[in-house]
């Protein structure tokens, strides 16, 4: 199973060009678009989204993950194996939250350089062939060099910020619903932009138009409005700070 | 052939998560995205769109259809077989127009519950496996209970409203072009937002910038502008009432 | 390899309907979405984008290319074989830049008409089956009539205008980076909307927020801003004129 996770956007030709490259190196291999709307130029939000979205993927799944504002510069290109799943992308922190939270992890630098290699589209030219080979079952040992760990590593603690806003207006945060093994306290309140929000188990338990928080289907604390847009109602945007009332500051830094 | 029809939007990770679930239960099965821009929280418009878009699908086609504002509440999850095509989704009316207009129809309640089952994403956790099994040719009898009919049934008559606006600005209505076996009278006018519009067979028969109506390629009466946006020119939005001049009111209620 | 290149948009059901038609005629054939955001009603910009995006496709690749404001009118439906790649679409100029720049080129009129054939959606009804058969390896000789050349042919010289703006705000122009065999002079400036822009090899060589031009990963001169939107900063829109300072006017007409 090969999945794509990028900030390439749906409308642009970049995703199709990546898929054409994959098809050349692994004909017939199915490719799943996981997300192409990772916040632009934002590997930090991307790293937490990637970790959440990779939960539940089976062992052997391969994710081509690219949010790469430093493309063409000195950052390394890497492969990570984390708990049996493979990630291919830049060494700019994007893969580091998933890697840091995994139980077993191996890391390789991509030493291979294709001909031609564009200056601005390593997703197509460099990462796509590597990901295609791994997904097709041919691990490209000869093109990789083991490295002890990723060079850029983000903090693996919760990120108490808005990471993503979906088209319904639901705001995903970087707070997992089961921090430290126990679910975030359902009775607690969440504070965002000066407003305090109650917990509801599901949308239909909230009044029509009521703002609330719940643990979403990807395991993250999400701010939502029943049959409405939380982003609009509360003026939310990517990066907004979120606070769990009553929870020790130290848990969310 | 497995097709998806949802209000999940293209930009969000939901479609990819559904596809990853399908791939786990039916590896290699091709999946076609029919529509992910069904008006949000609007099973009524969705029901008429679904009927129009399923015309022409071959027997055996399976459609995972989800517009599900009541997810997590008491609404049932169902499978419908209508004229040889299969639909999997919520029992909230979404499947009922297609079911009610079909010649032969069978209905099952999905009795099975997967572990884990999220509160808010039955499309991924419940409907995707069922749809994948049916499309792969393994009808999951043991997970379904026959039921006499859908619990929520919308009127199967024409819906004289704007159902959908495409990115060109063309407005699809819920009026079929061949009501009662005969094409809507080509000479007649259509009234929307106080403006009366003539019929044109094709775009190139209208003047540049002229607003008109025609029967679109999915068999529905559509309001359009040649090389322009009807939605912009006429201020159209989802739900706007449409009237066929000279046609008996009783046919469009 | 079958690829789609259209102005159908991602959100609308048109792409899914084309794919369902392809699946009926060539079950299991993988389909790649190259671009569905070709500027609406603009075969001219589309023709230059198509040429750029088809570079690098392997021989045997088939592209269903549809930007077709004249659908339902007298324009012909055609198949082009250019340097071993196949294009299926309308004879309205869209395929002519790629055809005119190729070394070897053959052209056929599609004489076949399916039953039923909608007035407004030849992409689904006419082009999809033809493209599916060619991609599946069954060239439909009996449905095609050789013709000496396309009826509508655009100038194959550079198009010094903004062709496309991606979601990052980068503006693609119709100027190739290797005109006449030699790269556009890296030291030269580009002028757009009264502003003169320097060349940078890659994004990270520009200052944060600096506007510049570079040769993008599809071989076209692109106007960009490092970690920002060139379209917003410079007020760019499709069709804006671009000028290479110091280059003879005659090369870009």
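Just so it is clear, A, B and C label the chains in written order, and each chain counts residues from 1 on its own.
Here, a residue touches a chain if its C-beta (ideal position, glycine included) is under 8 Å from a C-beta of that chain, and two chains touch if they have at least 3 such contacts.
What you are looking at is a predicted structure, and each value in this text was computed from that prediction instead of being measured.
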item: Proportion of interface numbers common to chain B and chain C (over half same, under half different); value: different
item: Superposing rotation of chain A relative to chain C, computed on C-alpha atoms, to nearest 5°; value: 120
item: Interchain centroid distance [CA atoms averaged], chain B/chain C, Å; value: 31
item: Contacts with 2+ other chains: residues of chain A; value: 10, 30
item: Partner chain A, residues of chain B touching it in the complex; value: 9-17, 19-20, 23-24, 28, 30, 40-41, 69-73, 118-121, 124-125
item: Complex contacts: residues of chain C adjacent to chain A; value: 1, 3, 10, 30, 32-37, 49, 53, 56-58, 61, 166-168, 201-205, 214, 216-218, 227
